[in-house]
C-alpha cells in the first residue's frame, strides 16, 4: 500500500507561486467585496465549517440526552429545540451548500476552462444571503429557538407552538434564495462559459453532477419559499390555507414542502457523487467506466427526483392511489443510483489503484451510500414504509445518505483539492487515520439506529423505553468516535496551511483542467485560456503532455 | 474476565439477553411484513456484498504495485444493461409486494370491531363501542379484526404499534383508519411517531392484548355505564337532530335509519357512501354533500361538538336499524323545557 | 459592437408588436364575453384556453422566444413542465382521495 | 417586420466595449449569459407562483360554491380595465426594448415612461379594488365578515347581477379561503409590479443619459422579460379569480 501516485516538486526548490488568487489583493475588504469565485468558495468553506460544527455540537447534545432512557439532560422542549436546530442548520446551512458552494464554486469555472462564474456579483450576493440566513438562524437559536422540527409541519408550526417560527422561516427563506442564485449561476456558467473544445461529453462528471443539482436548486427551491411564506402568513394573520378548522388542508403544506425537500436530498447528494467520480478516476488512473451512463444517471436522478416527493407522506392520509403512483416512481429513481455505484466499482477494474486519503473516503462513500440507498428502497416500498417510517430507521437511512454519503464525499473532495486550493499537501498518514476513524465511528453511530428503528423507536423523542438503551449507548459511543474523526481534519488541515509540503501543480497526476495550472491558481485561473482537445479522464493525454513538457525542459537545459 | 469492569460486563449481559433485531410479531400482518422486510434485507446484503467484494478484489488485484499501468476501458453496454435491469426488476418486485401489504394494512375486513382513537397533545384517548374509555392504553382481544378509526384534535399524531407493524397518522379534521388482528396476548408499546410538540416523547401507551375471555371480563369491569351509541342518542336528542331527521312525511332532513353504509344520491349529482368520514363531514360541513331531495338548510355544528361527541353521534347513527329509537328521541325533544327549544327551531340560517 | 453575431439576434419590429397588442386585446374581450355566457363545464376551460393562448403570444413575441435559441425554448419548456408536474401530481392525490379507499 | 441586424454595419469588433466584463470573451457571450440567467430566474418565479396556483385549484375544487360566491364579489370591470392596462404596458415595454435595440433614445425614454405610468395605473386600480374589499370586510384575518354570503341581498350591487343564493354557514366560512388566495396571489403579483416600477424609475433616469442606446441593451431586454412575465401571471390571475366563476 505504500505505492503512491503523488509527485511533489523538489522540496528544496519548490515554492508557492508568488502571484495567486490569495496574494493578489490584501485586506479584509478585498475578500468581502471580491468577485473571484475562488475567494467566494473560500469564504463559503470557512462559514460552512463554522455551521457544521454548530450543527455537530447540537448532534452531540442529542446523543448525550439519548444516553439514558429518561429525559434527564435537558427539558423536553429544549431537546425539541436542539434537534430542530440541528436539522435546520445541517440541512439548509451545511448540506445544501456544502459541496456546490465550496468545491463547485471553486472548480466549476476551472474545470470548464473559464475565468470565473458567469455572474460573479450574484455569486458574492449568494454568499451574503447565506450568511444573513445563517446568522439569523443562529440568533434565533440563541434567543429562544424553535421546536417544530426542521419540517415545519403544519398545523403544529402555524398554531400550536409559540417559539420563533417566523424568524427561522425567514432564515430558511433567505438561505433558499442563496441556493437558487448559486444554482442559477452554475447552470448559466456550464452552458455559456465552456472553453473552446469543451463539449458536453468532455465535461468532467463533477460538472454533470453539479448541473443536475443546479436544475433542482432552481426549480424546486421556490416552492419551499412559497410554502414558508404561507406558514408565516398563516401564523400571523390566519389565512387558513393550512388550517383544518378553516377548511384548509394541512397536508397541502407537506406537498409543497416535500416538493422541494425531496429533490433537496438530491441537491445534497449529487454534487457528492460528482466528487466521487473525480476521485475514483484519479486514483485508479482510469476513465470512469461508462462515462455516459454516469452522466445521464445524474440527469435522470434530477428529473425523476421531481416525481417522488409524496413518498414522505405514505401514511399521512394521501390517497391510496397516489401512494401506488409515488411508490412506483420512487423505485425508478433508485435505479440511477445503483447504476452509479456499479460504474464506480467497475472503474477500479484493471485500474492502477492507490489508496490516498480521498480514495479511502470514496470507498467509505460507496459502502455507506449503498446501505443508505438500499434502505431508501425499504422506505419507498409502501408496505414496509408503514412499519419503518417516522422511526429511527428513517433517521439512520438519511444519515447514511447524508453523512455517510455526502459528508464522506465532501471530505474526499476537500482532501483531493486541498493541494490545489492552498498549494500545500495535508499530512497523508494522519488523514488516512482520520478517514478510517470517521468510517468506524460512523457505523457505530448509525448502524444501531437501523435496529432501533426496526424495533419501533420513534424519531424525535427525548425519552424512550429502557430496552432501547443498549443500542442507544452504542450509538452515542460511536458519535464520540465520529466527532474525533471530524475534528482531526480541521486540525491537520489548518496545520498544513503553514507546514504542509508544497504540492506543485498536479500532485495526483489528475487530468482535469484545474490541475493543469498553478496551485493556488491565479485570479484569472489560467495564464493562457485553455482549449480542450481531449476527452475527460484521458490519462494517456496527460502522459504525452508531461513527456512533452519534460522534453522542452531538457532541451532548454541542454 | 476479571479485568473487565463489572458495569461493562453487566451491560454486555443485558445486551445479549435482550438483544432483538425486530419487535415481537403479535399481529397477523406482522409475519407478512417481516417476510418482505427480510427479503429486502437479503437483497441489500447481497448487493452490498457484491460491491464490497468487487471493490476489495479490484483493490487487491489492480493496486499500483501489482498493476502499474491501467487499462483504459470505455464501458460496456451489456454490463450497464445488466445493472440497470436487475436492480429495476428487484425494485419492482419490492414495489408490488409492498403495495400488496399496504393494501392489506389499510383495507379493514367488513366484520372488524371498530374502536375510535382520538389523538391530542399529548395523549391517546380510545373509545370502545361499549362506552369503555381509555387514556394512553388500548385493550383488545386476540383473534378478532380490530379497526381503529383515528382522528386528531389538534396537530398530526401518528398511531404506531411496532409489534403489530402498523402505523397510521391521526389527522386533524379527517378520519383515518388502520386495522390489525392481534395473535399473541401481552403488553406492547404504543407510540406517537409523528413529532407533535413539547411532550411528544411522553405520548406513549400500552396495547394490552388479551384472550377473548379476559377481554370480555375487562369490558364488563370497565364500562362507564353508557355505550357510545347511547351517548350519541343523548346528544342526538339534546341537539334536537330529530327535529329534522325523522321519518315524518314532512321531515326536513333525511331519515337516519339504515343510512350507515348506504349509497346516498347527492343533489349535486353522483352518490356517496355514508361511512364514518361522510357522516362526520355531514355534521360539521353539512352543505358540502346535500342528499338529493333536501334543501341545504342544516346548520354546521363545527365548534359545538367535541370529537368524542361526533364519534358518539356516528356510533348512534350506525346503530339505528329501526325508526323506533328516533321516535323516542323525538318525543324527548318535544318534551324538553322551553329554554332548549330555540335550538330545535333554529334550523336553516336564512331561508 | 453590441448585439449581432453568429446566431442572429432578431429584432422584432413595432408592426409585430402592434399586431400582438391587438390580438391580446381581442383575446381579453373574448374571454370576458365568454365568461358571461353559461357554458357550464366548458367555462373554466375556455377561459384558461384563452389565457394560455394570450400567454403564448406574449412569450413568443413580446419575450421573443420565437426568435431565440433552442436553449431558451428548452428553458421555457422546462419551466412549464415542472410547473405542470407540481400541479398535476399534487392534484393526483386530491382527486383520487375522493374515490375513497381503494 | 422582423429586422435582422447585420453585424458588419455596427462598428468594430476589435475594441472591447467598456461594459464587457473581464471574465467574458465576447459581448455576445455576456449578453447570452445574462439573458439565460434571466430566463432561469423567471423559472424560479413560475415555480413560486406554482405553489399558489396549486392551492387555488385544490380549494376551488373542494369549495366550489364558496369560490363562486367569492368571485362574484370581485368587480370584472376593474379587472378587465387592469388587464387592458397591463397589456398596453407590456406593449410599451416591448416597444422600449425595440427602441433600445435600434438606438432610439427618445423613443426608449417615452416607452419606459409610458410603461411606468401604466404600471402606476394598474396599482391604482388595484388599490381601489383592495379598498372595496376592506370596506366590505373581506380581508381574511381582519374582522372578516360573512354577511355578503349569508345574506347576498345585503350587497345589492352584486346581487342585482348574479342573484346569488345564500350560502350555508359552513360553506360561507370557506369564502375566507377564496379571499386569502385572492389577496395572496394578487398581492404577490402587485409586489412584483412594485419592484418592476422601482426598476423602471431607475431605468428611465439612466435611459435619459443614453445608457441603453449605445448597444448594451441586455438590461432593458432582461427587464422586458420580467415585465412580460408579470403580465402573464396577471392574465392567468384574471382568468382564475375573476372570470371562470362568472356565469
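A, B, C and D label the chains in the order they appear, each numbered from 1.
Criterion: a contact is a pair of C-beta atoms (placed from the backbone, for glycine too) under 8 Å apart; a residue touches a chain by one contact, two chains touch by 3 or more.
Keep in mind that what you see is a predicted model, and the values were worked out from it rather than measured.
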| item | value |
| --- | --- |
| Comparison of A-D and C-D (more C-beta pairs in contact) | C-D |
| Chain closest to the middle, measuring from C-alpha centroids that were averaged per chain | A |
| Centroid distance [mean C-alpha coordinates] between subunit D and subunit C, Å | 14 |
| Distance from the mean Cα position of subunit B to that of subunit A, given in whole angstrom | 37 |
| Whole-Å gap between the CA centroids of subunit B and subunit C | 44 |
| Residues of subunit D whose C-beta touches two or more other chains | 32, 36, 40, 43, 46-47, 50-51, 54, 58, 62-63, 173 |
| Set of subunit A residues in contact with two or more other chains | 191, 219, 223, 247, 251-252, 255, 259, 320 |
| Subunit C: positions in contact with at least two other chains | 71, 78-79, 82, 86, 90, 94, 101-102 |
| Contacting residues of subunit D [partner subunit C, same complex] | 1-7, 10-13, 17, 27-28, 31-32, 35-36, 39-40, 42-43, 46-47, 50-51, 53-54, 57-58, 61-62, 76, 80, 83-84, 87-88, 90-91, 93-95, 98, 101-102, 214-217, 224-225, 228-229, 231-232, 235-236, 238-240, 242-244, 246-247 |
| Interfacial residue positions of subunit B with respect to subunit D in the complex | 284-288, 296-300, 302, 349-350 |
| Residues of subunit A defined as touching subunit D within the complex | 114-120, 122, 180, 184-185, 187-189, 191-193, 218-223, 225-227, 230, 233, 237-241, 246-249, 252, 255-256, 259, 529 |
| Contact set on subunit C toward subunit D in their complex | 1-6, 8-18, 20-21, 24-25, 28, 31-32, 35-40, 43-44, 47-48, 50-51, 54-55, 58-59, 61-63, 67, 69, 71-72, 75-76, 78-80, 82-83, 86-87, 90-91, 94-95 |
| Complex contact set, residues of subunit C against subunit A | 71, 78-79, 82, 85-86, 89-90, 92-94, 96-97, 99, 101-102 |
